[in-house]
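Two complexes follow with chain A in common, the first pairing it with chain B and the second with chain C.
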Partner chain A sequence: MPVGMLLQLSWRNIWRHRRRNAILLSAIAIAVAGVMLLNTMMRGMQQDLMNTAIENLTGHVKVLDPGYLDDPGIERGFEVADGWQSALPDHVRGWAMRIRVPAVVTSERETRGIQLVGVDPARESISFLGDAAVSGQRLSGPGDSRLLIGGLLAEALDTAAGRRLVLVTQGADGRTREAGFRIAGVYRAEIAGLEKAFVFTGLGALQRLLGTDEITEISIRLDGDEFEAATTAGLAGSFRDQDVMSWRQLEPQAASMVEVSDITIYILFVIVMGALTFGLVNTLVTAVMERLRELGMLRAIGMRPRVVVAQVVVESSAIMAMGVTTGLTMAAGIFALVADGIDLTAFDDSLASFGMRPTFVPVFDFRDVVLVAVLSLILGAISSFYPARRAVKIKPLEALRR
Partner chain B sequence: MSERVVECRDVSRTYDDDAVPVHALRGVDFELAAGEWVSLAGPSGSGKSTLLHVIGGLDQPSAGSVVVDGVEVTTLSAAQLSDLRLNKIGFVFQAYNLIPVLSALENVEFILQLQGVDRVERRSRSREALDSLGLSDLENRRPGEMSGGQQQRVAIARAIVAEPVLLLADEPSANLDTSTTRELLDLLQTLNRDRGVTILTATHDPMVMSYTTRQVNLQDGTVVGDNT
Partner chain C sequence: MLIAAAGTAARPAAEVTAQSLIEGALDLTRGQASYTEMTMTIQRPGWKRTLSLTAWTQGREDALIRFTAPPKDAGTATLKKGERMWTYAPKIGREIRLPSSMMSQQWAGSDFSYNDLSRTDKYLRYYDFEIVHAEERDGHTVYTLDLIPHDDAPVVWGKETLVLRDDYVTLSQTFYDQELEPVKRMETLEVGDLGGRTIAMAMRMQSVEKAGSWTEIRYLAADFDADVDATLFTTFALRGR
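Presenting the complex of A and B:
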């Protein structure tokens, strides 16, 4: 197969109909850039959903007592053996032990049901608490018996840092514990719902209040979602009496949204590029019909049928490759302009209901570049099949007589 | 007797496309020896172009046998016919039929590229072919930048560069003026006499016939005269 000749002829033929091919190239480039930018948005949304789920005190992997999810309370606590961390594989960004129990918090004016969480503040860089803005003071350590409450809860309770709240919860012995706590600080979270749900205090202080040495969860944050399965498997051996669960099991709604957005990416690609394929086929058929006489002459002077097919395929693939390259370059350029994030604070309330942050950061995934490029080229080759078939069916003599 | 390049036996060609079958060739017997320049002559519809196309493997006879350089053409597949045309036959068409996006040199080289000749050799042979036809100065021009006569000479260069056993020319003078036609015929005569190229021409142009070494007359699809 004379590859050099095919490339030369195809390249020249592309430039032969500049306007028509420029329009086709623009359509391909715009479609590819559009699909690619939509992908960055979808990937950004995916990432946002995942991060929110993971940072929402879940982590990539969590160790819990069986039954805790159905009936959360200190009676579902467990003790941790020394040296359990040796079961952690590489790629662990951090871990945190916590107690999380339901409680009722009361101010002078209001009462609210909340999740009371005992933490070691130094370990909470793995959750939203690590980055949360705090007015007042942060918790100083696991022995700190003051409270850190969310801004929206503070508003609802009509209270502020420095004032006192009363907490009522159930102790390890099953009896009600009630104690007064001073508010060290008020935190702000990107997801507003968290501010109403979680009240933090020191882990040791909460253990003292509840009369236990146990914890209710270990949360583990990894360097990436891809290490989750290995970590879950590794920890399962060390925590035979507990459940070792992934964030997908703990946050099934977020996990299914992530999966749906994955499928949406493919569907969008097929719809946009599929529509474009019709345009490509139409243009290629037109190009073949315009050159019937020339193709007939090529057959007459000895070009084999398969070389004629190859020429049409190379030509359409070259147009597709140019369009895809231009489209990806355009997408990269536009992405660079919004890479730092898009401010969506105007839609804050709506986004919060989806568990999304007000600043939307698109994600440029190299796998999508490969996906779009490879699938586009395959589509280009497939769409050239029909015009190539038309070209090869040309009888040299009939074509020459035209 | 000289070696036979073409041997047609009882060749018929009937077109059944229309309601009434058209018998373009009716039992034609024809032979062409190496080194001859034969013109197939006759009025329109006499079958001269059909016979030329059948011999060139561009059309299949309805009946009969066509042997070109020892190969029975009627039994070949499409790909084998392509190879036959590529390697054994050179074509000169009425409308030149050069590839518009290629220069004169590239058009001539094209055949050698199809044959898989390496770049250095094909460039050298193509330049030599163009040079022999007085086209050295035009090698970088595209067909649209050349006159009809120049394009036809490039088409001849393309046809002879692969050194075919047979050169087929279908009405080669149809689109040329008298002086250009004469130049073209002088050129073909040189190729025939000096290089021994076997040429078969379909024409109704008396000037073309006057140059050929033998004239075969056809009428209503049959050979009615064969004059040396």
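Presenting the complex of A and C:
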């Protein structure tokens, strides 16, 4: 039997019950659209979590002294040989050398423990500092010995741009360094916790205060997470005495949340589509039972069981394919409306505690589209197995006697 | 007459400078070595307590302060040696090195910070000072000094004013924030003779913003040329006995 005729038969069967098939088709379409949109949101959340973790002065890859994480301080600093950048592979968006040491900051009225970070402001486009809003002035360069402090810290210390703070930290010789610093500006971060944690000053200025020419970290931002493994491996060769770590190791909580949401996406898809499968099976079985006489007749005049099976499978796949296409189109339409981001400022506080931003931007991943389409078609084919078996089991004689 | 007196005082004799006044005030209660006994009264809204303590100093850098009463606090001691500071609590049975970040925090729950206790010569190092006012009072010339910390000084205050008599007795000291609003003020309640010197016998440190909270220190006995054993300023001696 020619394939063309088979397709024609299936196609006509679908159109024989327009209303029933339309309902099934819209159920599939809505489910696919829903799963797809949910998917973009999960991907958005995932992306957001990852970016937040990376911009949180981590970068995709970071070079640290092996003891630094257990005991952060300038005594865990290291010198960087000139020309180390040559070890960087392609796809590097930027890198920054920093000193990051614990310090205590004191105003006239309050005292707080913070992380004092010496930066070259021009290189910090790779971290949240690059696009943080600053009232007052930004740091002018690595030699700027003024401070950039977070808004919440400024409130806690009851201070403001232009005033002075006293910082106490440990110098490279192990002795206490204590000095007054003027506040250049006050930054606002999307993640409020950062404002309390980090106080910035010029890298060179901090090196002078601590009496060192070392740094404590190099942070490297890549064009995408997929280049992380190669970069980590590439740098490990040139920093033999240091640890080259990925953001997954440095931000394990964010990394595991990203992984969990990956799994959640698949579980959700399987649940929703699994439920739909029963609907599909039901419709197909009904269609087969209605056509008992017709199928019996076809068998009697010599249609092979294989062809009967093929006919049901084609029917099922066609419904599924139309449903998926409609669903994906719907999803794309809705996605276009929300692609600029959903404002969640009303829930700001609780989201921030998960390390998320107040504006939520869904992300459309083409691989997920392919995955949904392929998995749906496979499900469609599998679910046609039972109705097809029923169709094959029809005995031509019995069917014709009805 | 009064105006004339004030006028002459406003142009102090050549040897009286802000520097000499501050150095004199610093050395007045220190000497080469000193031994003092005092009580400290802490007043808070709702409660008040008095502690007794003994202090030894040597030079401008070393000091040992030990509480002697009440029994709950007796034996607790603080040692300052150069820039470093330790505290010892008998209940824990070991000395703890105080991070210098604690130097600006309250000492023993009082209104004094560790820094207030150990003034050393930081005024000479970190401040610009000048005599802004001088007047005759009770037979003494009383000088008002403005102390302005250098920009990079480890001092949070915007300004301090110090009121000193010509015999170096501190009458009051006020700490201003960087908007030049007063934050806390120390006032001398009583001037008297002790250990062969005329000193501020009782002082009260009071927060300007929180009325009803203050700490008072009163000298009971003092010897400003005491024979103090140098081994006293060790962490071993901190444990006492």
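What we mean here is this: the second predicted complex is superposed on the first by the 401 of 402 C-alpha atoms of A that agree within 3 Å, B and C clash if a C-alpha of one lies under 4 Å from a C-alpha of the other, contacts with A are read in each partner's own complex, and residues count from 1 in each chain.
Keep in mind that, in the parts below, a contact is a pair of C-beta atoms (placed from the backbone, for glycine too) under 8 Å apart; a residue touches a chain by one contact, two chains touch by 3 or more.
Keep in mind the model is a prediction, meaning the values are calculated, not measured.
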Room on chain A for both chain B and chain C (clash or fit): fit
First, second, both or neither for A:179, with chain B first and chain C second: second
Touched partner set for A:5, first chain B, second chain C, both or neither: first
Which of chain B and chain C A:343 touches, first, second, both or neither: neither
Which superposed partner A:305 touches (first chain B, second chain C, both, neither): first
Chain B versus chain C as contact partner of A:293, first or second or both or neither: first
Partner chain in contact with A:13 - chain B first, chain C second, else both or neither: first
Chain B, chain C and vertex chain A (Cα centres) - angle in steps of 10°: 160
Which of chain B and chain C A:131 touches, first, second, both or neither: neither
Smallest separation of CA atoms, chain C relative to chain B, angstrom: 89
Residue numbers on chain A that touch chain C, as the complex places them: 104, 106-109, 111, 113, 145, 159, 163-166, 168, 175-176, 178-182
Partner chain A, residues of chain C touching it in the complex: 83, 99-101, 103-105, 149-158, 175, 177-178, 183
In the complex with chain B, residue positions of chain A that touch it: 2, 4-5, 8-9, 12-13, 15-16, 293-294, 297-307, 396-397, 400
Residues on chain B engaged by chain A in the complex (per definition of touch): 53, 56, 58-59, 78-79, 82-87, 91, 93, 95, 97, 99-102, 106, 110-111, 113-114, 116, 158
